[in-house]
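Just below sit the structures, each encoded as structure tokens.
In what follows, chain A forms one complex with chain B and a second complex with chain C.
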Partner chain A sequence: MGMTDAWLLPLLPAGAFVVLLLFGPYLPRKGDWIAIGAMAATFGLVFPIIFDFTDELSRHGAEFAGVANSTQWLEVPGYLELRLGVHVDAITIVMLAVVTFVSLMVQVYSLAYMKGDSRYGWFYAVLSLFTASMLALVLADNFLLLYFAWELVGLCSYLLIGHYSHLRSAAEASKKAFITTRLGDVGLLIAIILLWRDTGTFNIQEIIAAAQAGTIRTEVLTASVVLLFLGAMGKSAQFPFHVWLPDAMEGPTPVSALIHAATMVVAGVYLVARTLPLFALVEGGQELVLAVGLLTTFMSAGMGLVMTDIKRVIAYSTINSLGLMFVALGVGAPGAAMLYLFTHAFFKALLFLGAGSVIHATDRQEVDQLGGLWSKMPITGVTFAVGALSMAGLPFLSGFWAKDEILHALLDNRGVFALTLLTLPVTAFYMTRVFVLTFLGEPKDPEAHAHAHESPLTMWVPLALLAGLTFVSGLIVFDQVGRALGFPGGIGEIIYAHEPEIFHFSVGNAIGSSLLVLLGLALAWYIYMLRPGTSAVAVRTFRPVYTLLVNKFYIDAVYQAIVDNVVLGVARMVAWFDRNVVNDTGVDGAGYTTKFAGYLLKYQQTGRLPNYALGIVVGVIALALVAFSIKG
Partner chain B sequence: MQTGYILLATIAVPLLAAVALVLVPSRYPNVVRMIAVGTGFVLFGLSLYAFFAYQVSSGKDFQFELQWVWIENVGFLGDNGITLHLGIDGIGAPMVLLTGIVTFAGTLISNKIEYRNKDYFILLMLLVAGVFGVFCSLDMFFWFFFYELAVLPMYLLIGVWGSSSVFPTFSRTKEYSALKLTLVLVGASVPIFIGIFATFVESGLGTFDLPTLWAYAEQGGFDPNFQKIIFPLFMIGCGVLAGLWPFHTWSPDGHVAAPTAVSMLHAGVLMKLGAFGIIRLGMQLMPEGAEFWMPALITLGTINVIYGAISAMAQTDFKYMVGYSSVSHMGYVLMGLATLNPIGVNGAVLQMFSHGVMTALMFAMVGVLYDQAHTREMSLFGGLSQRMPRFAAFFAVAGLASLGLPGLSGFVAEFNVFVGTFQTYPALGALGVLGAAITAVYILRMFAVAFFGPANPRWDGLKDMSRFELAGGALLIAFILLMGVFPSPFVDRIAETVLRLPSVS
Partner chain C sequence: MDGASAVAQQIPLEHFLVLSAILFSIGVYGVLSRRNAVLIIMSVELMLNAASINMVAFAAYASPGAFIGIIFAIFIITIAAAEVGLALAIVLRVFRNRQTANVDELDTLRW
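Now for the complex of A and B:
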């Protein structure tokens, strides 16, 4: 099992999907063991690939560009060839590790969480397909396969967000997610075709090489990069496409963990990281990524402050993190972005699964109805705290290393650096807030509190494992750790494989950012723990700001109004036009004209011989005149 | 074994079945059903055989050829004047397969027809014979004969077995829709007829044999000016049957009024006759005319895509939505043909097949619901996926194929059309991609309104699909998946022929 066999990875969960779909209802336990077995096997198979990769890396050094393997899918000889193939390099390895591990944790967790669900087998089938698609997406060596998997990822998220399909809200949320991301995908597909037009290939590496060689026309490359980014923005919930992600928590909580940590939303980050050389070649390409990322970080940090639904707070924190990753990409530091993605996957999955554990125990998800769960659910409480602090960026949890790495990359860019620093205390604030309101203080809903209990084994073990990784995954950046684990070159090189960029640690940054994080933390602790009345005062004092934030800057409302009035309005107009003008006037009009002509002409049928005779004579004369005039 | 008798059989079997049905007393409706389903099965088998026994890179232009002289060397007719000349190339082969699939699925779905089912199936069989005839004919005379044979039974099928629609603001009776559909299509065949005769006279070869005329055309036999005048006759005439804007209004009204299997066959297969005619008569006979007129066709095709999709978005009736969606999706066929490059034309033929199976599936599913609920107003439903999970899943597959989800047939076809269009008209290609996004809007809106959300207790009595409906639907889904996952069997056949077309480069 080496890197060239990586195509096997998506096929295992895909096979589980097919088996569950066809035979699920007839299998014991609806076949969940098949899904988990396939997932575990996939996770296991990632390791030989990682070892093979680090071997190659230590042999070839930074020159090693990855391994590819592909097969033909369809061909119009001489004109078009579509291939399916895999390409494994550093970015892929990071994604493979994240996707398979988080998927496995989510599937194990769902054993208890989804128990008794009326569509339990179907849930596992779609989870498997979700992971399979995401694996295919990160392994794809060409844009066609990437788009193929990209859309399947979208489909699976649609199905899973809408899993509780009897709820109107779930139906609407799933539709919103699919259509919003689909709009971005229009850009992605056009970009892929445009790039093909100038290079004659869909292969990503070949396209990058062609772009660097200058064979792609500048305006085409510019357009493609912008359109490509639209696709990434849609999937990664960047402004103005961010609206679908908070609503996506209508799905079962394990699905949220999967979407936010390992699949779906990181696809956009992955795509930009993968094609970053193209962005670098376009004037303003990286700046666009930077601007969008920064704006998104800011907006989501603000909205995260005021949300009261535990899952919604975490959802906005994801948008916040994604924005940060785009900021890193925007300044040309894919290593920092991928490091953040890697560590983020663990603590974000942890946070969502922790939230799921709370919901499972109390059947509540509004922080106004929670509180005081610390003693009832110690494991959930501790692990959630670890996740929240890591998200906040507290030293020396994994989020800290990744966040500081991004800050370091921003050093040359003073303005962006300062703005990013500003979001740190905000993030720390709302993560502390949600933790305090959920686990500490007085129970706000005694009934829910009374029934609360620690979650079963299959749920807390994934929490514990993820919490453990949240502690240690940041250490990946130290080569010594990698060597100790038996990777010849150290695993830091997995992330920093081919660029001058290496891991930096600047003490000044670390202290400064940590102080900011502590400031946010302390403020939230003070407001929500020590003086619980303060938040109401703050809301009253900053009423306009609060209203703006709690209404999500009115963006959702504006979109809804546009859809209802403009889009559907135009549609109704066109439909009206089609019925009344094209059909009733045009088509029926032709019919009525014929009928009317017949009505007029029928009076020529008098039945009197002299009239007909006259007609014949006039006709003959007329024809004769015509004939003569033509002849001469 | 490749023999023209296979193709002859696809035409003869439904005709013989029609005769057999005439002989069965109408008091045995089950015998009638058995004959119909049996015929459907045989036709499916024959077409499957014809498709897979068709050899790629055989070096021959046509396979399964058969030529029987009917009239020759009389009056203005020379050698091979009018012959029953059958044969398929890489474009005909998938079309024959499509017809076989949809016919079989249609007979399975029609199992529920109670009212005069004998007469219904007789007409259906005549229609099917006509369709197979068009796809297999290599003689203009018979081509046109079969074309008309396929169109005319629609009048009775819709008028007698159809259903009328009443909306708050307007209504469409089935008689009106039947009349409109038939008159528009027959009217549109007048220019085709004129074109055929003009071609016959202009060539001076005294034959209606298409391969002979194609060879003549390829040598530059037809004057470019003549081509520029005649090509639009074929383009518009055949285009109307393909749902060409602004002559498309027969299609939504007609398909909505038609009984389920007839909608399936008409939207699934008959609309492809139009596109097929544009290839056979237009592009192959008049390559220079095609080149001259294609900018117009690609513009109209793009309008079809966007206009159809936007109209579909405003529909509240399941079947009208599917009807307008057909108008939209046939636009991709027209766009692909009009690119005149191998990728685009390949995509167009793929889309002909893909749209055929997926729209047949959609109409079949609408029929499953309408037969029980007697209404098609989406907003009256809700939570259907809980009541009828199989039905919802099948409908969802059709919908996802139609919005171009990779892994299903629509993506393969549309991707080729997009790539082809981008080669020559990037702006129109971008509009085409946008059309696919609009499709997602109306398809998902339908799912959200009718399939998801709380179940409406009014529909507690609805039953999921019957065994026959399940079989028919599964058959269509199998081919949607086959093309979506393994497109090569289709593309290999189509591309080889497309690369030979004189106007395509």
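Now for the complex of A and C:
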């Protein structure tokens, strides 16, 4: 099992999907063991690939560009040849590890969380397909396969967000997610076609090589990079496409964990990281990524402050993190972005699964109705705290290393550096807030509190594993740790394979950022733990700001207004045209014309024999005249 | 075909055609003007016979050695006999039912 066999990975969960789809209802436990078994096997198979990769890396050094393996798919001789294949390099390796591990954890967790659900088997089938498509996406060596997987990922997220299809809100949320990301997907498709037109290939590496050789026209390259980024923005919920992600919380909580940590939103980050050389070639390309990332980080940090739904707060923290990753990509530091993606996957999955554990135990998800769960749910409480602190960036948790790495990459860009620093205490503040309101203080809903209990084994074991990884996954940036694990040069070298330096750490940055994080933590602790009434005062004092944030900067309202007035307006016009012109005039008109013609023509049926006889004679004479005239 | 050839030498083809045309026109006139079903059937017979004369005349003049035209005439006679038998039977039944053979009064198949 080497890197060239990586095409096997997506096939396992895809096979599980097919089996569950066809035979799921007839299998014991609706086949969940098949899905989990396939997922575990996939996770196991990732390791030989990683070892093969590190072997090659140590043999070839930093120039090692990865291994490709492809087969012919379709050929139109002399015009077009489509190849289907995989490309494994540093970025892919990181994504493979993250996707398979988080998917496995989520599937094990769902055993208890989704127990008794009416569409339990279908849920596992779609989870498997979700993972399979994401694996295909990160392995694809060409844009066509990537786009195919890209759309499958979108479809699966649609199906899973709308899993509770009897809820109108879930149905609307899934529709919103699908349509919003679709706006970006169209851009991606156009970009792929544009690039193909100028290079004649869909292969990503060949297109990058062609762009670097200058064979793609500048304006085409610019247009395709912008459109490509549009696709990434949609998938990764960047402003102005961020609106779908908080609403996606309508799905079952394990799905949220999967979408946020492994299979959906990081696809955009992956795409930009994969095609970053193209962005570097276009004037203003990276600046665009930087600006969008920065704006998104800021807006989501603000909105995260005021949300009361535990899952929504975490959702905004994801948008916050994704913004940070784009900021890192925007300054040309894919290594920092991928490191953040790697560590983020663990603590974000942990946070969502922890939130799911709370929802499972209390059936509540508004922080106004929670509180005081620490003593009732110690494992969930501790692991959630670890996740929240890692998200906040507290020193020595994984989020800290990744965040400092991004800050280091920003050092040359003073303005961006300062702005990014500003978001740190805000992130720390709202993560502390959601933790305190959920687990500490007085229970706000005694009934829910009384029924609360620690979650079963299959739920807290994934929590514990993810919490453990949240502690240690950041440490892989150190060479010594990596060598001890058998990776020459550390996993850090995998992530930074294309960059000269391996890991940068500056004490000044670390101390500065940690102080800001602690400031946010302390402030939230003071407001929500020590002086519980303060938050109401703060809301009154900053009423306009609060209103703006609670209404999500009115972006959703503006979109709703656009949909109501423009989209539905056009739809009403089209409907009017359909009803009056197509239906009343076209379809009914044809019917009425026939009917009226029949009404007129019926009078020829006189029932009088001589009339018919005359008709025959006249007809024969007419035919004879015609025959003679033709004969001439 | 000696007899036919002999006739053909004395009487030109046009005479037969004119006769046939006159008979046919009388038949058409009868079909269109008569109101009695029996007379209409008789007129139709006239038209059939006109056609038969046409066939036989052409057979004798255009291709004296061939039988095709004559066979055609025999078929016409056969069919005419069958047709008259059938038509008269229908007229008889109609008359029994309605006490009339006037086609103007038989107009139930109308709008």
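Heads up, the rule we're going with is that the second predicted complex is superposed on the first by the 572 of 632 C-alpha atoms of A that agree within 3 Å, B and C clash if a C-alpha of one lies under 4 Å from a C-alpha of the other, contacts with A are read in each partner's own complex, and residues count from 1 in each chain.
To be clear about the criterion, a contact is a pair of C-beta atoms (placed from the backbone, for glycine too) under 8 Å apart; a residue touches a chain by one contact, two chains touch by 3 or more.
Because the structure is predicted, anything quoted here is derived from the model rather than measured.
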Check the residue A:80 against both partner chains and state whether it touches chain B (first), chain C (second), both, or neither.
-> first
Partner touching more residues of chain A, chain B vs chain C, is chain B
A:624 contacts which: chain B (first), chain C (second), both, neither?
-> neither
Kindly classify A:152 by the partners it touches after superposition: chain B alone (first), chain C alone (second), both, or neither?
-> first
First (chain B), second (chain C), both or neither: which does A:614 touch?
-> second
Do chain B and chain C land on any of the same chain A residues, and which?
-> none
Chain B partner, complex, touching residues on chain A are 73-80, 144, 147-149, 151-152, 155, 158, 162, 165-168, 170-172, 174-175, 178-179, 182-183, 185-186, 189-190, 193-194, 196-197, 567-568, 570-572, 574-575, 578-579, 582-583, 586-588, 591
Within the complex, chain A is touched by chain B residues 170, 180, 183-184, 246-247, 249-250, 253, 307, 310-311, 313-315, 341-343, 346, 383, 385-386, 400, 405-407, 411-412, 415-416, 418-419, 422-423, 426, 429-430, 433-434, 436-437, 440-441, 444-445, 447-448, 451-455, 487-488, 491-492, 495-496, 498-499
Touch list for chain A against partner chain C, complex = 602-603, 605-610, 613-614, 617
Quick one: in the complex, what on chain C touches chain A?
-> 28, 31-33, 35, 40, 103-104, 106-111
